[in-house]
Amino acid sequence: MGMHEYLKSLSDLEMINRAPGYFKFEQHNVAAHSFKVTQAAQMLGDIEEQAGNKIDWRSLYEKALNHDYTERFIGDIKTPVKYATHELRKMLARVDTSLTENFIKKEIPQEFQKAYERRFAEGKDDTLEGKILSVADKIDLMYESFGEIQKGNPEPVYMDIYKSSLTAIMKFREMASVQYFLKKILPELLKDNADANAKNQLAIATTQIIQQ
Amino acid sequence: MGMHEYLKSLSDLEMINRAPGYFKFEQHNVAAHSFKVTQAAQMLGDIEEQAGNKIDWRSLYEKALNHDYTERFIGDIKTPVKYATHELRKMLARVDTSLTENFIKKEIPQEFQKAYERRFAEGKDDTLEGKILSVADKIDLMYESFGEIQKGNPEPVYMDIYKSSLTAIMKFREMASVQYFLKKILPELLKDNADANAKNQLAIATTQIIQQ
Amino acid sequence: MGMHEYLKSLSDLEMINRAPGYFKFEQHNVAAHSFKVTQAAQMLGDIEEQAGNKIDWRSLYEKALNHDYTERFIGDIKTPVKYATHELRKMLARVDTSLTENFIKKEIPQEFQKAYERRFAEGKDDTLEGKILSVADKIDLMYESFGEIQKGNPEPVYMDIYKSSLTAIMKFREMASVQYFLKKILPELLKDNADANAKNQLAIATTQIIQQ
Amino acid sequence: MGMHEYLKSLSDLEMINRAPGYFKFEQHNVAAHSFKVTQAAQMLGDIEEQAGNKIDWRSLYEKALNHDYTERFIGDIKTPVKYATHELRKMLARVDTSLTENFIKKEIPQEFQKAYERRFAEGKDDTLEGKILSVADKIDLMYESFGEIQKGNPEPVYMDIYKSSLTAIMKFREMASVQYFLKKILPELLKDNADANAKNQLAIATTQIIQQ
Amino acid sequence: MGMHEYLKSLSDLEMINRAPGYFKFEQHNVAAHSFKVTQAAQMLGDIEEQAGNKIDWRSLYEKALNHDYTERFIGDIKTPVKYATHELRKMLARVDTSLTENFIKKEIPQEFQKAYERRFAEGKDDTLEGKILSVADKIDLMYESFGEIQKGNPEPVYMDIYKSSLTAIMKFREMASVQYFLKKILPELLKDNADANAKNQLAIATTQIIQQ
Amino acid sequence: MGMHEYLKSLSDLEMINRAPGYFKFEQHNVAAHSFKVTQAAQMLGDIEEQAGNKIDWRSLYEKALNHDYTERFIGDIKTPVKYATHELRKMLARVDTSLTENFIKKEIPQEFQKAYERRFAEGKDDTLEGKILSVADKIDLMYESFGEIQKGNPEPVYMDIYKSSLTAIMKFREMASVQYFLKKILPELLKDNADANAKNQLAIATTQIIQQ
């Protein structure tokens, strides 16, 4: 019982592939996803700061870096299952919490337990940092689906993911960083290399979602 | 709405890896696992028949072939989550059923819906065929973990899986096919090539479980 | 000499990739192929039964599940070699039979040898179940090639495989299940997502073959 | 010219494998490595804080997260090349700097350029955060090599990496976090599952290095 | 009809894995194997030359480089099939020849056809260069199997391959290069890193074969 | 110190992937690349000979086969780094030479050291064989990029590689084999299967480069 098990467990996240069960040209694992989300959060933090908002950087980095660690205990539960009923969602959350607490008690030395309780708790709260994490998580998902669409992946699930992640980002449209994303980054994404048909579909879907 | 989506979906099962999050030398997917379980069930069926028991072969093959198809809808929920509380387990089962029903209504033509309702229902019931499926499923899991132990995989999870699958098989020890497995097949497995230490550990664990 | 070697050998089929030597986006192994062929056979069996034909389900499942096991002994001989001359084909078949017999004698306990002789013999005979297996095997091959064409694979071999498997299916056009496949499933396949050019080529090839 | 290229480039780090040219059981990419180093840095930061030292958490996370991004421009230059002469090392560093500056000018909007100049500069400086990064980077390298040794990898390069990373950590032995690592974490690592011979070799090498 | 198809076909050899159907830690493809055999042949040629024998270097390189190209047409026929009867072997050789001729006529411009007829013919003849190719091919096979044994692969097939390739090399024991291999290279191989048991087994098998 | 380490090291070249850090549909390693370059060199040699030029075949095969072996010591240094300044390039070359000399002294028996010094030296000199190697190396690079473009890879880097390798080949346009390549092989490549847009882009780029 020290931090050896924890350090070793980080490699387990390299062995959990994202979105199993769909054909994809590029595999992404949870460790690499966490890196990319933290990078996106860092970028969004910069933008917010430029816009005059105060960022608690420690909290922002911490939230983003650790946000998916508990997938190790829970596994990959498909979204329709997770969200089937309000009741089920609450029960699953309770199990997640209890497995996490258990792990902390067994594997984390006492003096660091508080820190890991905070890190493994739901980071997507109503603070500015929590909202940035919500957006950053969806930005990476959007780029994962964009990468597939751009390479000609015919599975309709990737257009669905593209749309639903953009829709989720739009819920935070009042944020300076989301405004920046919509005005400066998204147009570049839409101009990026892809076959004519995919480009068109992306442009239409994007316009519809943004203008709602 | 015809069977095209169903035929295509079979490939999705080739893209769901078993036991994500653990290092393994050999990857196994749900499609190949289903093949191997059906083969094991066929072998157990032969043994039961030799022992004078009557097998409903259609039911046996059908149960084994289709037993993991619904993982497509549900995803890979880790065992400790699934079994956390009796209540949660029941709720998850209900969601599984409702997602499955939904899929059948949307993708299976009406004249075949009954057949798929039967195929996607829980096959591990109290019939002889249901019990054979329970054993066959665990035999494949046991061989997956044996394959890792034999290759020198140091992750203790594989010894845990070996033990828990053998323990689960032992619950059916009164079956003729399980008797045959314990007396004729297991000793060959224990004699198979492996480094001395792994061999020893396997022998000890096996003896402890069998003699309980 | 018991069934341990047999159970272990099932994993070898997971390590034989289909159609080596061609670039493909998706790898398929012989174990997963066997699963999918058995699923397709199950579907075709349902259709035949709906049409009033009697299915020997045990035989159907057994034929489909075991039809490629002997690839373990033989290896992947390219079609032009296999079919080069009638004489060669007969000699290869004889060798296949003798290797298979040898395996059965050495690895299968005597009381089960008869069952495995039946299972490893050529299943594609003139019975309804044998004909269903012939069609199911080609349906999976067709879906494998369709998957590549749909993803934009430029290798012309996949269009060749698509055509030759559809042509092979057409030899059984008098079967109720083949009629169903042509009328209900194939049109859905042709409407599925793919780039405009691939879609067009598939439609033309399909029409030409079907109307012959 | 906005942040789209930057966000997309994060996936490139998922396609750079660590230590190419050596057989390994487990592949690690630069994105996942960056995640794990940041996690290790977070842990070391906790320990330093417990010991009464003040951590600039923003700087620590930032240094760790971004420390290998410039590998995208430089490629994987083998250590003996990089360190061949003092002069060459300085020249390579200059090229690295100029490629990085170039990238920042071309791809990062002006208002964020300063931040990325800081992030892509050498993070391993003499601040406490810089020293933690040096240690965290070596800890992940050590765990990568340990993972191979533990799985029975016969390539001697992994024992070399294990030794050289531990030796590098020892240069920071006066740090509270390194003391903790040596006293609490390393003994657990040495007790972890591995074959007897590997365990022995690890224990001997570790003792020799620690007692120097 | 020019050399474009030929140049493109070289990549097909990168997609044919060696020894499918057996678990292995390291995959080898036919293109990389051809490279390694040509390297081994180059080394054996050096040794023969040192011993005062004259090497036709053009012929040696040519034979080694092209010796497996025709696997593209034939596929991977398992050894027991290939060697089942003398008659079958002759018929398969005839089909191989005719497929190769066909390819040359269709894809190679007339002025180069003679060269490719020579290159695709059986290179393992009774010339010194032909004998070197026979030995070089077995050396690479031996190193492939050694690589697996050394990493702890429990499949007995690799010890079988090790033995049969060494036995095949012994048929050429009168050659200076084989003498050198046995006296200078093999002892180093036997001293290389591996677990104690594997090392022992290799030493015993080697001694038995060499002393016959 | 004999040739065991050398033979074993050939497998290391199978573990160095070409062009890391870019998404690709097909992976190519240095061993397979060396095989394909030697094949292309053999073809170019044939053409030169047909045109009445004398080829030193031993030298040609030797240069091509061994031209990338030293990547083992150096690693994959990105082109912009390698070519940053004339001075740096010279210093890197010196380090390369000294690492290579070192390896030869340590691992190659004295009687063969001269041969390996020649083989590991820069082969792309002003002899006809050196020039053929330069062209053959670029032809394989061009086919690697063509393979990606043809499969719909949206990364612009592959069109850049296609152009720069063709441009490099054009520097040798006075050679008979390059003339043949431009007149007989390139038109076939441009007619090969690909989506309309990729085909168009390739044709335009090719025309522009060839007509300069």
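Letters are used for the chains, namely A, B, C, D, E and F, taken in the order the chains are written, and counting of residues starts over at 1 for each.
Here, a contact is a pair of C-beta atoms (placed from the backbone, for glycine too) under 8 Å apart; a residue touches a chain by one contact, two chains touch by 3 or more.
Note that the structure is predicted; figures quoted are calculated from it, not measured.
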Touching both chain A and chain F (chains)
C, D
Determine the set of chains touching chain C that also touch chain F.
A, E
Taking each chain's centre as the mean of its C-alpha atoms, which one ends up farthest from the centre of chain A?
E
What angle, rounded to the nearest 5°, describes the rotation that places the Cα atoms of chain B on chain C?
180
For the homomeric pair chain A and chain D, should the interface be classed as same or different, according to whether the shared residue numbers exceed half of all numbers used?
same
Between A-B and D-E, name the chain pair that shares the greater number of C-beta pairs in contact.
A-B
Of the pairs B-C, A-D or A-C, which one shares over half of its contact pairs with A-F?
A-C
Could you pull out the chain whose C-alpha mean position is farthest off from that of chain C?
D
Could you put a whole-Å number on the gap between the CA centroids of chain B and chain D?
41
Chain-centre distance (mean CA atoms) for chain C and chain E, in whole Å, is 33
Touching two or more other chains in chain E are residues 11, 13, 23, 25-26, 147, 152, 192, 195
Chain pairs satisfying touch are A-B, A-C, A-D, A-F, B-C, B-D, B-E, C-E, C-F, D-E, D-F, E-F
Which chain E residues qualify as touching chain B in the complex?
23, 25, 152-156, 195, 197
Given the complex with chain D, which residues does chain F contribute to the contact?
11-13, 15-17, 20-23, 71-78, 80-81, 84-85, 87-88, 91-92, 95-96, 98-99
Interface with chain B, chain D side, in the complex: residues 25-26, 147, 150-152, 192-196
In their shared complex, chain A is touched by residues of chain D numbered 2-8, 10-11, 13-14, 26, 28-29, 31-32, 34-36, 38-40, 42-43, 46-47, 50, 57-58, 61-62, 65, 109, 111-112, 115, 139, 143, 147, 184-185, 188-189, 192
